[in-house]
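Here's the structure we're looking at; comments come further down.
By letter and in written order, the chains are A, B, C and D; residue numbering begins at 1 in each of them.
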Amino acid sequence: MFNCDKPQDECGVFGIYSNQKRDLANTIYYGLYALQHRGQEAAGMAITDNDRIKYYKNIGLVSEVFESKINEMPEGDIALGHVLYDSRVKKGENNVVNTQPIVFKGKAGFFSLAMNGKITNCEELRQQLIEEGCVFQTRLDIEVIGTLINKFCAKKDIASGIKKAMDKLEGSFAIVVITTNELFAIRDKYGMRPLCYGKHFDEYYVASESCALDATEAKFVRDIKPGEILQINSTGTKSIYMENINPHPCIFEYVYTARADSVIDGTSVYKARFNCGRMLAKNFNREVDLVAGVPDSAIVAARGFAYESGIPYVDVLEKNRYVGRTFIQPSQYEREASVKIKLNAHRMNIQGKRIALVDDSLVRGTTSKKIVELLKSLGAKEVHFILASPMVKHPCYTGIDIESYEELMAANYSLKEMEKKLGCDSLTFMNIEDLVSCCKSDIMDSFCSACFDKKYYGVDPKGDK
Amino acid sequence: MFNCDKPQDECGVFGIYSNQKRDLANTIYYGLYALQHRGQEAAGMAITDNDRIKYYKNIGLVSEVFESKINEMPEGDIALGHVLYDSRVKKGENNVVNTQPIVFKGKAGFFSLAMNGKITNCEELRQQLIEEGCVFQTRLDIEVIGTLINKFCAKKDIASGIKKAMDKLEGSFAIVVITTNELFAIRDKYGMRPLCYGKHFDEYYVASESCALDATEAKFVRDIKPGEILQINSTGTKSIYMENINPHPCIFEYVYTARADSVIDGTSVYKARFNCGRMLAKNFNREVDLVAGVPDSAIVAARGFAYESGIPYVDVLEKNRYVGRTFIQPSQYEREASVKIKLNAHRMNIQGKRIALVDDSLVRGTTSKKIVELLKSLGAKEVHFILASPMVKHPCYTGIDIESYEELMAANYSLKEMEKKLGCDSLTFMNIEDLVSCCKSDIMDSFCSACFDKKYYGVDPKGDK
Amino acid sequence: MFNCDKPQDECGVFGIYSNQKRDLANTIYYGLYALQHRGQEAAGMAITDNDRIKYYKNIGLVSEVFESKINEMPEGDIALGHVLYDSRVKKGENNVVNTQPIVFKGKAGFFSLAMNGKITNCEELRQQLIEEGCVFQTRLDIEVIGTLINKFCAKKDIASGIKKAMDKLEGSFAIVVITTNELFAIRDKYGMRPLCYGKHFDEYYVASESCALDATEAKFVRDIKPGEILQINSTGTKSIYMENINPHPCIFEYVYTARADSVIDGTSVYKARFNCGRMLAKNFNREVDLVAGVPDSAIVAARGFAYESGIPYVDVLEKNRYVGRTFIQPSQYEREASVKIKLNAHRMNIQGKRIALVDDSLVRGTTSKKIVELLKSLGAKEVHFILASPMVKHPCYTGIDIESYEELMAANYSLKEMEKKLGCDSLTFMNIEDLVSCCKSDIMDSFCSACFDKKYYGVDPKGDK
Amino acid sequence: MFNCDKPQDECGVFGIYSNQKRDLANTIYYGLYALQHRGQEAAGMAITDNDRIKYYKNIGLVSEVFESKINEMPEGDIALGHVLYDSRVKKGENNVVNTQPIVFKGKAGFFSLAMNGKITNCEELRQQLIEEGCVFQTRLDIEVIGTLINKFCAKKDIASGIKKAMDKLEGSFAIVVITTNELFAIRDKYGMRPLCYGKHFDEYYVASESCALDATEAKFVRDIKPGEILQINSTGTKSIYMENINPHPCIFEYVYTARADSVIDGTSVYKARFNCGRMLAKNFNREVDLVAGVPDSAIVAARGFAYESGIPYVDVLEKNRYVGRTFIQPSQYEREASVKIKLNAHRMNIQGKRIALVDDSLVRGTTSKKIVELLKSLGAKEVHFILASPMVKHPCYTGIDIESYEELMAANYSLKEMEKKLGCDSLTFMNIEDLVSCCKSDIMDSFCSACFDKKYYGVDPKGDK
């Protein structure tokens, strides 16, 4: 899946607790680079500088934001970083204030926060804090969280403030907090967003995904558990737990969001996707000449499909490696040409072929339609569209930007209607039980799959539709 | 005076309350342009956008900050603008957060604040608010003020909050506050910083100096009074007054800070300076060939001196009009060459001449020394250095960045020693009584002249030295 | 192959002759986008504007160069574009003058030139023209070519000038020339560099590779022939031929340079690479668990290898899709970490596995060594390194930047030594006959393979080593 | 005169011949800074780097162009610099190629050229060179001159080429040429554009105006003479002279173009302007309250006027020192407000006053009209507009951008009509004899005053009107 008409997770976090002052900015930079797929709108980092915390954040890719600034960051012993996904970050307004992290001055001195996720009761909390005398300068959830932490902070014990604040929050979140002498890695009580940590000698590394640990010297230790607040300081680590823990991580991380070389809650994302592809192949009984995946995210599932079915995997589409944020879409060809430019199509592998085309998921369907058109225009005889996930029928309220039923194809059309709209010869979805069986592990066997089946962390907080 | 080794006032503010939604950004831009001399580090503006307030601020000159952004600002009916003087605004850190204005969300919805001045009890207030549960994200005084206003805000009556907040503040300030339906123009109880307002049909304009009103359609109405909170809304204006009003405006505004074409508290800055020059001439009895002023700020006083003495005013130095923020000072000639580059010297008016050189004030003396050297090197026979103000002997704690005795030449050396250090043939200062007599008007006759005489608004809050 | 320690072809060209004035800049932009793999240092385009030619060129990716400028280009009816590969394009000097195209004013009015290739007798020609009274402002070969064309131009017949100029040039080149009413597409007498053309209604499109035609509305017509000067104007096309035509296209285009979805001289690059993989598999008799390709250029050959051998193709390495020109390599981890950051490794597909790793070619070997190390460090049991081309033993003097024997691993070490240096368990190269058999077609069966066998277009112009 | 509706001279040049390799870039930078008033569109410098010449040029102010590049310039022993005035330098096209200097490779190796002036027979020369086999890449006159120099260059004796090339050129020019071992300073046979040189120990400095020597260590030696080619190399200086020398320097340099602190051909620009003011005062017999000058260029003449008449000089207008190239003129107030913003008006010095307002010259009259309006709107009782030069009635073909009669107010209206159009109470011009008498010196007593009297260097090359 190579464009933006599918759901996007929000953000990636990274943190380091070092045993000594050193150039942490470089390491944070590498970590954020590896997490760039989780957010390309903005990036930021904060580093302790004795009894203060210095930070820099801006709009742009990690490389753009830090190109000229990384050498100006101080040496420090604790640091965090953030990559932002936010479709509202546009020019004109002062959007830098709406990027992460924020550095706060509170009862216990300076502390900084960065988060991946979404607090569903954030506006109620914000209004309550305003009434209590606080003001707010951004639309960020972390501004509310930072204020809550300070409010509940007893004396200079910020850990107590964090524990109490976390118990007030509803929603999904993976949070890193640093003070001038501690680091906290926090995962919501459902474990909705991934978060793990690793070690390298005496240094602790925290990251949204294990692939970011792989980009550094650190070795993976384990995932932060749902509802766990991992406190890291000079005495080592200590786990504090929230109330009402109810593990239901977001299954969409395996389907699309996470990088294939990450391992989340005991399951390799690569393996989960590969197995999805195999599972789909078992039930697929049409005659086709080849299997292909939609780049980049569906390639692995397509490989699994080919492996299981014995049908050859053949490259039909590749992402143009120079397509980026700065791509200009002039008006003229816009709609017609954009897919042609973003994808390199292997005409000769397509012509006259019956193609089993695997994609990870079908949300709005806009790009899928164009891809089918492209393949047909290049002479594909048949295009069988196979999704490595069930129909996306419900909005997500906790971190994925599908917010209304209107935009969901599967919520509005029957399978036959969708086939017709997409122009494909057949359309196949995975069922939810099969998906869960591919994603579960010894340490995690329940998921939030609300976008497919409306079961929001096993419950149903909103009664829409 | 053409460089930075003299005291610098901090910031300029501008505001508009219009009777209808229109393109206020342009008008704010013109107003800030006229106030640019009060702050060149950063600029910002905030404009109401229905029930929200949009803003944009950045580091740079007014023209640089708004070059590409002004057309993206919304139409609105209330707006404010700010130019920042802050020698700490440098690259590397996230300094944009330390520029003005800030837009807050509080009990009464959105409001925005910009200020010229300095709150001397700001850190105490900040710490107290932290203990009460608030967190802070910047080092700006206005963040504390905005929080205080919200704290004291009863229901949605922000005027009550402003009144109570202002009574808590010590120091100097001219503040503009906008909400989505009101504008407040506020001057501290001493009237330390200037602030005035004007009208154009049904629109109200507020500005740090009257010259900014002149740059727009508005006609000057009057100065905001010391301790006055002028509330402007759809019903017109209403004045609320602070407690303990004790008018003592900063006399340094007339000496150096303000633009010569402004009128403050009934006194034309041009006339005050001109009269200072005349006053100095009356007591000056050396024989010289010509009078010249150090550009730009001392030209007017030099003119008065020439007028009174009958000695011809002759141009000897002019500011190179291309010297700006981006001037590069390579290492090689740095110290020696910089004055030669920043000033164009009329060699033929200097050679063999006995020069009465008028400057506005003597603070650190570094540049004065270089100017005397330059004139001598170009053949001046004698240089008599005449200051249109008394000796600066005491730090300022309320808005001017002279913060220690060490850096003040007159606090550390005798007149003779100063003459020798500067290399001039004589050195003359004005006395404080004469300066006051040049600055006072029918509506203002007492000033804070602490930098000259240690009387901080008539009292002495700090016992240094 | 994902980095720069292998040979790089120089540049891509694109051109349009339209039957009417329209927004050609957009189409050129799309064409250059598709050719970006041939040059990422700079980009430029020139468009006729009545009796003049307007142009814009700058350093950067196509998207960066034209982001803000494309809308300022005029409408026109003839245009050309260029992407530059030039490792000498660095900051500091005026490198923009050393990018393409150049617009010249000559006997027949304005004309513009862009080229992919290298003129080996360029400095002799340049010196001769200087003696005849010409001066030069750049180090570009096209400045010499433009001057030659004008010199030989009889009256206003630029075609005659082009023909005579081309016969003076030695080396490899694909050139596009536009005047205000004609377009010329030119390929050197050996056909070293690819060049083809297509049509869309009455419009003619010229491109270095057919994949760039696919990115537009045009349909491929045919390759420009070795030694052909294709003249396109309002009367249609006309072919003029150079002297001493001797077809020997560069075989390295199939091995590495061209995009897999291009077809050159009758051979699909995809198919050539796929068949190379198959050919290699036939002679490979070691037992391995999986086949993998080094991204991006060797993936296709690896697929062919897997197809022929029946050994499963498994993803072990993927290019991090955010690695670009702006990637910062801080000093600390530089050498060690860079491969880890640029590639995402699927640890679980590697651990304990015997891997047949296919790459396109082995030149300096630096990155290959790091990749083998990475795989071993992730637990690979064996790494068998297989090259889809013969040993690169000789420098190229015609357009590829391998210029000395010193830097060529295979010119300095035996197979055993290379295996040891790379740290792999075995090292396999393709033989030249097999490579040729995979690349030849009905319309082209001889190639320049001098880098492998020292036969420079079938002859040996330099006697090194 | 503070805006662009008056004639603009074109460009400034600067050069250094040093006896040893050192950081010349800094010195060139200082020299260009002092010449910035002669051209603000672009800047460039070229420095010898052993047997090559490195250069950098770009669009922008000197400080903007070199901010980040000056430290990348090599050390060298010969260098030149240029500031460009060119109203055609706009965005969109590749205007960098149309800035100066150019570095050429010719018979004698590398050489570089920069020029202030205009070659009136340039297009004929260019066409002739094209026919002889040369091509051109820019619209710059110096490209033609460089080609001519090379054409006439006998062997490696570039001096011979320069001499012959100069004798072919018609028009006005001050040129600096550097090779890798010589520097040439050249002034046209009329001496139209100023050029002088100075020394500092063994180093030679060349500059368009003496004020640029003052900004460095150099001491003024003398002006380059009309028709002189000053050759500077390791053996010292040698003067070569052109044919048909006929000294008639442009008188407008004294009126407006040059900086007041420069001395040209024996006459101080300051003194010339001051004396113009005095001369005007002698014939002025109206009763006024004060004299004021239009900033910046007319201030000196106004001072002379006040000095002679005894009428007090009073400041009424000052240039806003932040008005620069980046000033945005939004549509709304554009015409009305722009003068108000660019000038600070001293309202209290204006109200009820009869003002003698001195300006340097009247060309299009647009801004003059706005200034009179502004003064009247601020309550001026009378405004008597006095020009320190005669009526500008004829276009200039040699370097000043007044190119047609249509735009010249005095060519189209009577004195009475002009008074009415400007809205002033009286309008006074200087006569040409008085102007000449103020500008002439012992070493120069004839001028080109064609814009006033149609005598182009004493002759009349064009018969317009």
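As a convention for this text, contacts are C-beta pairs under 8 Å (C-beta built on N, C-alpha and C of every residue); 3 or more make two chains touch, one makes a residue touch a chain.
Remember, predicted model here, so these are calculated numbers, not experimental data.
Considering every other chain in turn, none proves to be in contact with both chain C and chain D. Chain A and chain B have Cα centroids lying 49 Å from one another. Computed from the mean C-alpha positions, the centre of chain A lies at a distance of 61 Å from the centre of chain D.
If you average the CA atoms of chain B and of chain D, the two centres end up 37 Å from each other. Across the assembly, chain D contributes no residue in contact with two or more other chains. The touch graph of the protein chains shown is a ring with every node of degree two.
Contacts between chains, counted with the stated touch criterion, involve the pairs A-B, A-C, B-D, C-D. Those residues of chain A that touch chain B in the shared complex are 54-57, 69, 72-73, 91-94, 96-97, 102-107, 126, 129-137, 143, 146-147, 150-151. Put simply, chain C touches chain A in their complex at residues 23, 26, 29-30, 33-34, 36-37, 40, 61-64, 66-67, 70, 211, 214-216, 259-261, 263, 268, 270-271, 296, 299-300, 303, 307, 312-315, 318-322, 324, 326-328, 330, 332-333, 337, 340-341, 344-349.
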